[in-house]
């Protein structure tokens, strides 16, 4: 792999959701150390795109490359490379955060130290042994992020990771992601409010009508980004 | 293969943890099994049919319906909050995930049977020393076959409308060959016939289990991966 | 013929034509069976229903096998035409197994003296009927076309694998069905008049299957096109 070859790349990606064709030829590439903010109106296919990239849904047409390789060639390696935070928690409500993370660790073949470190990193500590179903939205969200980061993936796919987080938790997540970016982790961040992670973002892409209609370096201000976005979606 | 076993044990362990956390499902299934036995006892004319004649039917109907209860809830926890997707994101073979779910369901059915069988012996006045090692083997082989197909169908049914109706509709035709083999074998064993006399039925169950566990391991990916 | 809508209309036309031909031939076979084929000595006139019962069983089994085989092919090739064919074949198979289940007891009552017996082949038929029903119920319960096709294919394949298990277990359970009369390794034991009638009827029912499926496929194709892409 060349030094600045994209770690995640899609070309001509199409995918239906039910009968509707949601993705109609998406082209996108994310380099190591980049944080790409993916913007788009509701129903633009952002969630579907993340699911395809995470390997949860198959592309009907087009190419997905994870670290330069087709995921089907080595699905286990591709899954080790990716961490996903969705709008659903992907957790078991009746288990505690610690038990959820321990289970994920077992699936990934990690030891207990990884779980302890994750609990520490996201400051879940005092809630780590209560059932997830009894926790606040923000605490569940932190556990979801901990789950996605547990196996130190080189690609992070984040769907509105700041939703439900209070300001201190959001700031903590931003600094956490910043540290990961510095290590060369590539981040694709689906968001409605890029200003939440403004300091992290290196590039901005807009998904509209099933295609990436804007893909450029981050503008200098959030206002400029907002103007660009509304121009792109014609609103 | 070692990887599949590691994954299967992790999944089964997690499912048992969940079961112990709520207990209600296991408790309900056990009470349900006991009630089926009671209902069966009264669903006969005691002057016309002796309890012993009806005993194998009662045992097998109890196993079949308790299994459907177990299988119906097998993927509920996975469906909530997208936990199944959490499983699928892990670098784990789909065959391993399937075997783990099978193992958890098998343990669930096994626990129900551990309560139901002594009750069955009690209610039907059976001799607990006659033929029970053989019957236990037949029950285990049968439960494996039921769970092998049922786990796969349960993973589908949970993603459909009318899951609770659809699962037995799809699954019961697959249970009938097991039921026939199980009733035939256990009737003979309970009557004190030697194990060698039911060797054919045991082989039948073993072949069924191997065929459908293999197919299930292969087909699980088709069911869960979009 | 590249226009899919025209193709679906052509399939409906062809399907209807084949079905009409098959039905006309079926009438002819029935006339031959009733008027020109000798009455079987032991079973009497009731045996005539056999000319319909056995071929319907054949068509149901054919439909079921094709559902299983085509399902396997679908999982490999992911071609939606295969899925559509499997669905049509299952519906047609359900109808044939329905015919078989209604004609069976009529014959059984006269010849065996009972409407229903749990004999091996009659039971297998009943299971085909249930498996077709389950298959179609599953299809109806899934919204996403891709998911529906995958789930249905799994059930189709497992159903076909189940058939020998049902057959063997029910056979060992007990059986009093007349033994196969045509496909014995030795010379067929039916008198040649009856044999010709029976074999013709097998051919007609196969044609009827082809006609029904072609027709149904055309309709299904049109429905899919109408409901098609929301682009």
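Letters are used for the chains, namely A, B and C, taken in the order the chains are written, and counting of residues starts over at 1 for each.
As a working rule, a contact is a pair of C-beta atoms (placed from the backbone, for glycine too) under 8 Å apart; a residue touches a chain by one contact, two chains touch by 3 or more.
This is a predicted model, so every value here is computed, not measured.
Comparing mean CA positions across the assembly, the chain most remote from chain A is C. Judged by contacting C-beta pairs, the busier of the interfaces B-C and A-C is B-C. Ranked by how close its mean Cα position lies to the mean of all protein Cα atoms, the top chain is B. Here the CA centre of chain A is 39 Å from the CA centre of chain B. In whole angstrom, the spacing between the mean C-alpha positions of chain B and chain C is 32.
If you average the Cα atoms of chain A and of chain C, the two centres end up 50 Å apart.
Shared contact sites, meaning residues of chain B that touch two or more other chains, fall at 226. Across the assembly, chain C contributes residues 146 that each touch 2 or more other chains. Touching two or more other chains at once is no residue of chain A.
Against chain B, in their complex, chain A makes its touches with residues 51, 54-58, 75-77, 79-80, 82, 84, 86, 88-95, 99, 103-104, 106-109, 131, 147.
Those residues of chain B that touch chain C in the shared complex are 149, 152-153, 156, 159-162, 166, 169-170, 172-174, 176-177, 180-181, 184, 200, 204, 208, 211-212, 215, 219, 222-223, 226.
Of all residues in chain C, those touching chain A in their complex are 143-146, 227-231. Those residues of chain C lying in contact with chain B across their complex are 75, 127, 130-131, 133-134, 137-138, 141-142, 146-147, 150-151, 153-155, 157-159, 161-162, 165-166, 168-170, 172-173.
Residues of chain B that touch chain A in their complex: 6-7, 10-11, 13-14, 17-18, 21-22, 77, 80-83, 85-93, 225-226.
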